[in-house]
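By written order: A, B, C, D, E and F. Residues from 1 in each chain.
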Amino acid sequence: MADTWLPSLITATPQEGFELAITLSRRGVKYTQPDVDVLHKLRPEYANDHAALTAASQVVAINFQTVAAANNYWRG
Amino acid sequence: MADTWLPSLITATPQEGFELAITLSRRGVKYTQPDVDVLHKLRPEYANDHAALTAASQVVAINFQTVAAANNYWRG
Amino acid sequence: MADTWLPSLITATPQEGFELAITLSRRGVKYTQPDVDVLHKLRPEYANDHAALTAASQVVAINFQTVAAANNYWRG
Amino acid sequence: MADTWLPSLITATPQEGFELAITLSRRGVKYTQPDVDVLHKLRPEYANDHAALTAASQVVAINFQTVAAANNYWRG
Amino acid sequence: MADTWLPSLITATPQEGFELAITLSRRGVKYTQPDVDVLHKLRPEYANDHAALTAASQVVAINFQTVAAANNYWRG
Amino acid sequence: MADTWLPSLITATPQEGFELAITLSRRGVKYTQPDVDVLHKLRPEYANDHAALTAASQVVAINFQTVAAANNYWRG
């Protein structure tokens, strides 16, 4: 992965920060399984399994903690 | 998802902050499975499974950490 | 849920803070499954399953982190 | 639970802090299942299941974060 | 493991920090199972299991919190 | 457990801190299951199960957050 996909943790709004947290969560998967075809094949069973959806939301929540702290919670 | 659903992490009270944590947890699911019909179909088995309910409460707890920190724990 | 159940994260003692963390954990469940009859029906299988009990304790631990930070760890 | 079991998060040493984290983890279980007989019955299957042991260690780790922060990591 | 594999938590960019988080996550596995042949044998079933991929991404997210905090979120 | 196994959270390097996090994770298991024979019997099935290895790495990651914070991330 030579491309730059994470130049900064700073975002303009909380919502963009949440979307960055989703990107981080997906990248965490892609580093382990870089084959996009495999990921696409796994998606249907994944997206229809409530336990999997909650687990995904948990990873996003953890990454959002990081992004939100980086942005001082967009307080200013 | 072009709409704005997260303009701020600041809330007036801890309880509103907890409810925002619930919104964040649900959004984490919806970004992975945006099809509302699928989510509705999953709901009954989900809401009757104690492990799933505890897992959901855990995601809320993680997001509440973020919201509470953003609000300086509503100390003032 | 129009009632006020979380007016503050501040408690007099660590133990009250731990009990507030338990309240937060249960509320996280109730927002997903508000039907008290269903929750009561789930309770016996839940309370006799060691994995479920550990998972519950984990959610309490996460919420206790939040409450403890809010109270500056009751240091003073 | 009218007794006082958590008067403070402050401990003299990191090791006592770790042991307090274990107490917190067990209390998180006991609030959900206060029947000591049930807990004793669950123990053998619990203590011989590696996934359960790892899950228990995880709850201890989370509670230890709280206790360690409360004690400023026993730095001084 | 006498070799030095973690001289510092400081990285030049967030992306390098994320990659360090992946290294930390893999090292966490290797300390428990140092036999590289076993790890290679486990990999195919692992990399094709969506729950395993999400769990891996969660460990990366937790380690990334540490690395990001160490680097003051690369704010400067 | 009368012996002293955790005199301090301070380590000279990040790598020693990571190894301390592994010690903490194992101690979290041993407090629940002190019988070393049982732990040895569980080890083979444990060390060959990818989900168990990831779960172990997650506990290490959580404990490493604590150790890294205690050491101010070995920043300088």
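Note that in this section contacts are C-beta pairs under 8 Å (C-beta built on N, C-alpha and C of every residue); 3 or more make two chains touch, one makes a residue touch a chain.
Values in this document were obtained by computation on a predicted structure and should not be read as measured data.
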Just how many steps, at minimum, does a route from subunit B to subunit F need if it may pass only between touching chains?
3
Relative to subunit A, chain with the most remote C-alpha centre
D
Can you check whether subunit B and subunit C touch via the same residue numbers (shared by over half) or via different ones?
different
Give, as an integer number of Å, the spacing between the C-alpha centres of subunit F and subunit E.
16
So the centre of each chain is just the mean of its C-alpha atoms; given that, what is the distance between subunit B and subunit E in Å?
27
Shared-interface residues of subunit D (touching two or more other chains) are 46, 51, 55-56, 58, 62, 65, 69
Which word fits the touch map of the chains here: line, ring, star, complete or other?
ring
Order of chains around the ring, counting from subunit A in the direction of subunit E?
A, E, F, D, C, B
What residues on subunit F touch subunit E, complex-wise?
13-15, 18-19, 22, 46-48, 50-51, 53-58, 60-62, 64-65, 68-69, 73-75
The subunit C residues in contact with subunit B across the complex are 4-10, 24-29, 31-33, 35, 38, 42, 45-46, 49, 51-52, 55-56, 58-59, 62-63, 65-66, 69-70
